[in-house]
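Single-structure report; data block below.
For reference, chains read A, B, C and D in written order, and residue numbers begin at 1 within each chain.
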Amino acid sequence: MSNLSESKYRGYEADRSKYPRMENGKPVIDLESHMYTKLWQGPQHPGVTGNMAVELIVNGDEIVDAKTHMGYLHRAFEKLMERRRYIQCFPLVCRICVPEPDTNEYCVSAAMEDLAGIQVPERALWLRTLNLEMSRIGSYLMWLGGQAGSLGMGAIGQWTIGMRDFWLDLFEEMTGGRVYHMYMIPGGVRKTLPEGFRDRARELIVTTRKLLYDVENTFLSNAIIKSRLQGLGVISPEMVDEYGIVGPNARASGMEHDIRINNPYVKYGELDVKMLTSTVGDAYARAELRYRDLHQSLDLVTEILNRIPQDGPIQADMPNLLNWKIPAGQTYVKAESTRGEHGFYMVSDGSDKPRRVFARGASYTHAISVLEELAVNISISDLAGLMVSLHTCPPEIER
Amino acid sequence: MEQLVKRINGMIHLKAYNRQRDDLFFITVEKSQLELVLSHLKNNEGFTHLAFLQAVDFLEDSKFQLTYMLYNYDIRVNLGVKVLIARDKAEMTSIHKLWAHAWQYQRELHELFGINFPGSPRVEESFVLEGWEEMPPMRRDFDTKEYSERTFYQRPGRSTNDPKEYMKEKMYKNYAASPRIRRDDE
Amino acid sequence: MKLKDVLSPLRVWERAAKKPMTIKDPINDRPGAVNYRGFHKNDFSKCIGCGSCEEICQNDAIDLVPVEGQETVEGDSGLRPMIDYGRCCWCALCVDVCPTGALTMSNEYTWIADNPEDYRFVPGADKTAWQDSEKGYTRSPDIQILDYERVDMQELEPEERDKSFIEIVKGYNKEQAMKEAERCLECGLCIATCPAHMDIPGYIAAIRDDDIDNALRILYETNPMPEICGRICTHKCETVCALHNNGDPLAIRWLKRYIVDQVPADKYSEILGTDHLEDEVLNRKVAIIGAGPAGLSAAYYLAIMGYKTKVYEALPDPGGMVRYGIPEYRLPYDQIDKDIDYIRSLGVEIQFNTRVGTDITLEELHGSYDAVFAGTGLHLGRSTRVPGADNKRVYFATDLLREVTLGNEIDVAENIVVIGGGNVAMDITRTLARLQNLKYGKVQVLATCLEAEDIMPADVEEVVEAREENAVIDPGWGPKEIEIRDGKVYGLHVVKCLSVFDENGRFSPKFDEDQKKFFKADMVVESIGQGMDLSYLSEGIKSDLKFSPRGRIEVDDSFQSSLQWLFVGGDIIQGPDVIHGIANGYIAAKGIDTYLNKK
Amino acid sequence: MNRKHIDEIEKQMKLANEGLPEEERKFFADVIPTRVDPFNKYWEQFLNWARSRSLWMLAFGTGCGSTELRPLMTSRFDMARFGIFPRPTPRQASVFVVGGYASIKTIKRIIRSYEQMQGPKYVIALGSCTINGGMYYDSYNTINRLDYYIPVDVYIAGCMPRPEALIAGFNRLKEKIVAGECEGMNEYTDKFDWFKKNQKEIIKDWNMPDYNW
């Protein structure tokens, strides 16, 4: 572990005498002692990611215990899918994660295809890859705005979320939907690329890169940001397995794991995806890694645009999807979202409705176990930054 | 993978093994041997990542199937370990000592399926629901539509027509239903 | 802290000089993309109210409602989708599933209301700002939610079949049938069109669930001759199949055949619950004239209602036109027997070789039975009445087909011309082709008709198959004269037919006398329609019966004639085809039941 | 606040909280809302004009519809020029944008936030879910009709509505405010018992966060 994890960049020295007594690895907090204050951050609070809440016990402005509360966005997707036919599940799942809906669409379609033994045509696979990679860009841009905003830098959010809007315009052209694309239908995709799409996408990539240059100057090479993020929320390599940490959070701690490379899906096997890792494991390392990943995504989109076949079918030969019955079986399909391993576990009992679908949200552990662990001993003002740096997304946790 | 299965089979009795894809396998083990298998897989076989732990309700067989999805970073393979447990007063050993985040899933399963995990931290706390009074909602015998209609006000005034019945009404109303078989006792 | 890190954020000042990206008037300056999934549109000229949009909507957002100005007709339920925007999620599955392509989306996306009850509308009927918008989401031709391709039916190759009368169509196996059954939308538009109003979606769903017993029960509810119908039904249902709007209609007829082919004859009574059927429950007797589809259908339903029925048939075997008018390669005799034997097993007695009117009179039947049903069919040929048509080598198709079935030899000529373009004409053409093939080893038969190729009344596959069997089909000609040389047929003179019907749809062919053609032939077969033989009606009965201006017996809704005890149905009333006969028999049986209960 | 006034409030609260266990009563409603009638036509018109031009929106992302509020804040749509500005706390906000579906756990917070907002206050409901349940119409954890729990002034169709549609919705709200039609707050006062009855039917746990200060 680097020296960054030590508190010299933290800006304050913790007074250990005020810490609660530990018993069996748990702090013993006596709220009656007037040493500690209970605070709720969220759900109605500008400093939480989405609609969730963190129950904090603070000592001064230092957090001594944190507890995450979920369920504000629980819509029971899994229950609803049990009473919907397979094709009817497909508009539902993209709602599981708002900034990056396409991963859900891909996973649920791929799970059905895996169980039913359907081969998706080449061109549809390329279009899916494009869609997935573009949605990663959108999600990263949104995260970048959130990360900067959580540290009080509103301008970055203005830029990147504004830029994301132009990516949404591209999505709109491609899929017909702005935020919820509902593009990957079981067996393939719904539309081909419209006229002139490639040129507009290439132009946008150039503009995005220009913007990222500014972001790098103002955000990543910013002394204040560095001093706040470096050493914040350090994830040690041991924690990664212990807590099931995935995605950039794990890679920033040295774990060489990217599903796009390790278990390639769609067309990632034919693309040159590089393993981006860092060894530091703090919030700054994660931010920097995501920033590099965003650049890589732009590279990949450029490459995909060049390689998408111009013609060919975009949907496999499918039966009547209204009466589609999938043979009994179980499968688990996963994809690398911007937050890490996003998977769908699907159980079919041979009927026209799934028996059970489980969506493993990438930030399932990040927002609860990991956040509760990392939030201890930091200042309240850093909590928002920590949450965003873990890139938590509540709807995919409670579904 | 076959060798791994052999090794595990030498250790305990595997009830089933199947290959779904090149990178996805499932094994089924006895409830009592689960902890043994999982710790062996984690410590000796390199399946260090627990992707999820979930339950499937097989109401007809009155069983819950628990699936522990593991991942091996070296051979890049997912292995699902399935255990069938009784649905009535469902209870399972907790694995929070093997993985620090397993309690989360156990807490979720306790709330949504009503499966108890004795010893698991915070398992009694509610996870996503608040003030829930019905049976655990993810059980298959819980009818979410019926509950929704009973509890939340649906906007009234909607009615639909079945084209089949509507056309019958409009076009061949008098074409009566099939004659019944008439028997002696009538 | 590096100095670079302190200074580098300052570079961002250069953005102050950049042009802002703010949109001045977002509501008007930013229309949705060309294929944006905005609010719904519906093209009423295409919509058939099949309800597949309602079926696929996972949000229960669509209701089918009657709309003013939309009539319920065959193939269109007259219902139109009403969309609840308190449910819709704009996934456009309804657009993708729509078999007609009527339902589309505009790229309009702004709808503000103070009252939540406002968000329900019928696209196409209610005035919306976007109904005529040209942009918006439409179904991509590259994808399909429904399966528009029919499972191919296995048939004998032309070389295998053109010398024999073996059945051509092989029928579906289980896998094919399940696959075909899966295509069904279950909209039920077909039911209204089927003359017997069979529960088509019901039995197709039963095939899908592999519940053949239940499927058979559904078939027998309104149709006691499924083996026959499964082979030679005119399948009007398939013409209104919703899938037909964008691809092949569902093979309803073949699926029906699949069901009955799966069930052995001895299982019928057990499955249908007629194994302990007691006859003469009611001690009432009904006589039926003609063992054709109409008569046997009436007999079947009367029998299961407990009536004692007896069928009088002039020919030596049952089936009527089904047996004597349809060649064996389309409908093998053992399949006819399978259906009819089951009906006979219920206690229906058939007396063969008994012609009512000569062997026994109608009055006698009236005397000894409580009611009489006559389904005597159209067995007389109709002549073109062109010069030369009275030659002995000019035949009627019905007569020839009957002779073939009876096993009598036909003096097949080397060169034959068939006049007519319907299914019977194709039947006789193909039958003669086979006979020629057997006798001469080659086929020289030509069929001509008034109608041009695209409006020929025969089924397309019949024409295609006839051509595959080397018969020549040359449509669009009107017969002018059959040339007779030395008392023998020499050939047929025809002139080009320009149109068959006038503007009012009445039969009134127009010819171009300058375009002439001559078909050489030693034998001419006329197949331009059939007439009924009502000679069994005595003068006394005839005078009591009411006839329509066109010579048909007038009947009421339950096929009761003006003589209360006499019910008439089948080809002589409606059709001509099998399914109408079956439907008539079914209704007449119920009518007789009502009549006798009242008496 | 004099003693008499406090007694009056406590009496009212007792009425409203009837049927709840003792320990939960104080969380059910902090205070009974009071009706505020316009007292001078021209003055009220001026106030409405002013109100319509400074709509301060509560930044509470209750559902997925709130995702489209983010682009609205960026310079591309720039909602600040329309007088709309996000506020972090209910006490500073006058517009509540309910972003789509509301789970049971969230509707409780929505009600509490709404009750904490200063009058006059307005509610905009986004998307199908608030109108008739949307795609979660059969979910056991989401409400179907928002107007049963809090009064709603403007609905915007869509799933989710685009930023432009949101702007159009705000424009409609402005029109309504200027016309003096936004009486949601008084409606909540007048039908307080009815709203509370509906809320009580679905929210079984009225406990609020336990602060120790």
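FYI, a contact is a pair of C-beta atoms (placed from the backbone, for glycine too) under 8 Å apart; a residue touches a chain by one contact, two chains touch by 3 or more.
On a predicted model such as this, the values are computed, not experimentally measured, just so you know.
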- [ ] Taking CA centroids for every chain, report which one is farthest away from subunit C.
- [x] D
TODO: Could you tell me which chain's Cα centre is nearest to the average position of every protein Cα atom shown?
DONE: B
Task: Length of the line joining the C-alpha centres of subunit C and subunit D, rounded to whole Å - done: 60
- [ ] Would you kindly tell me how far, in whole Å, the mean C-alpha position of subunit C lies from that of subunit B?
- [x] 47
Open item on the list: How many angstrom lie between the centres of subunit A and subunit B, each centre taken as the mean Cα position?
Closed with: 25
- [ ] Could you put a whole-Å number on the gap between the CA centroids of subunit B and subunit D?
- [x] 38
TODO: Hunt down the residues of subunit B that sit against at least two other chains at once, touch-wise.
DONE: 128-130, 137, 142, 144-145, 155
Task: Contacts with two or more other chains, residues of subunit C listed in rising order - done: 21, 32, 58, 84, 86, 89-90, 116
TODO: Would you please write down the residue numbers of subunit D that are in contact with two or more other chains?
DONE: 75-76, 105, 131-133, 135, 137-142, 145, 159, 162
Open item on the list: Chains as vertices, touching pairs as edges: which of line, ring, star, complete or other describes this one?
Closed with: complete
Open item on the list: For the complex, give me every residue of subunit D touching subunit B.
Closed with: 104-105, 108, 131-133, 137-145, 148, 198, 201-206
TODO: Would you mind writing out the residues of subunit A in touch with subunit D in their complex?
DONE: 31-32, 36-40, 43-46, 50-51, 55, 71-76, 79-80, 83, 91-92, 95, 98-99, 142, 145, 157-158, 161-162, 164-165, 168, 178-180, 395
- [ ] Please give the residue numbers of subunit B that touch subunit A in the complex, ascending.
- [x] 20-21, 23-24, 26, 48-52, 54, 56-57, 65, 67, 69, 73, 76, 78, 80, 82, 99-101, 103-104, 126-130, 137-138, 140, 142, 144-145
- [ ] Could you pull out which subunit D residues touch subunit C in their complex?
- [x] 75-78, 81, 125, 128, 130-135, 137-138, 145, 147, 152-159, 161-165, 167-169, 171-172, 176, 181
Task: Contacting residues of subunit C [partner subunit B, same complex] - done: 49-51, 54, 62-66, 72, 74, 77-79, 84, 86, 116-117, 120, 187-189, 191-192, 197, 201, 221-222, 273-274, 276-278, 281-282, 301, 304-306, 557, 587, 589-590, 593
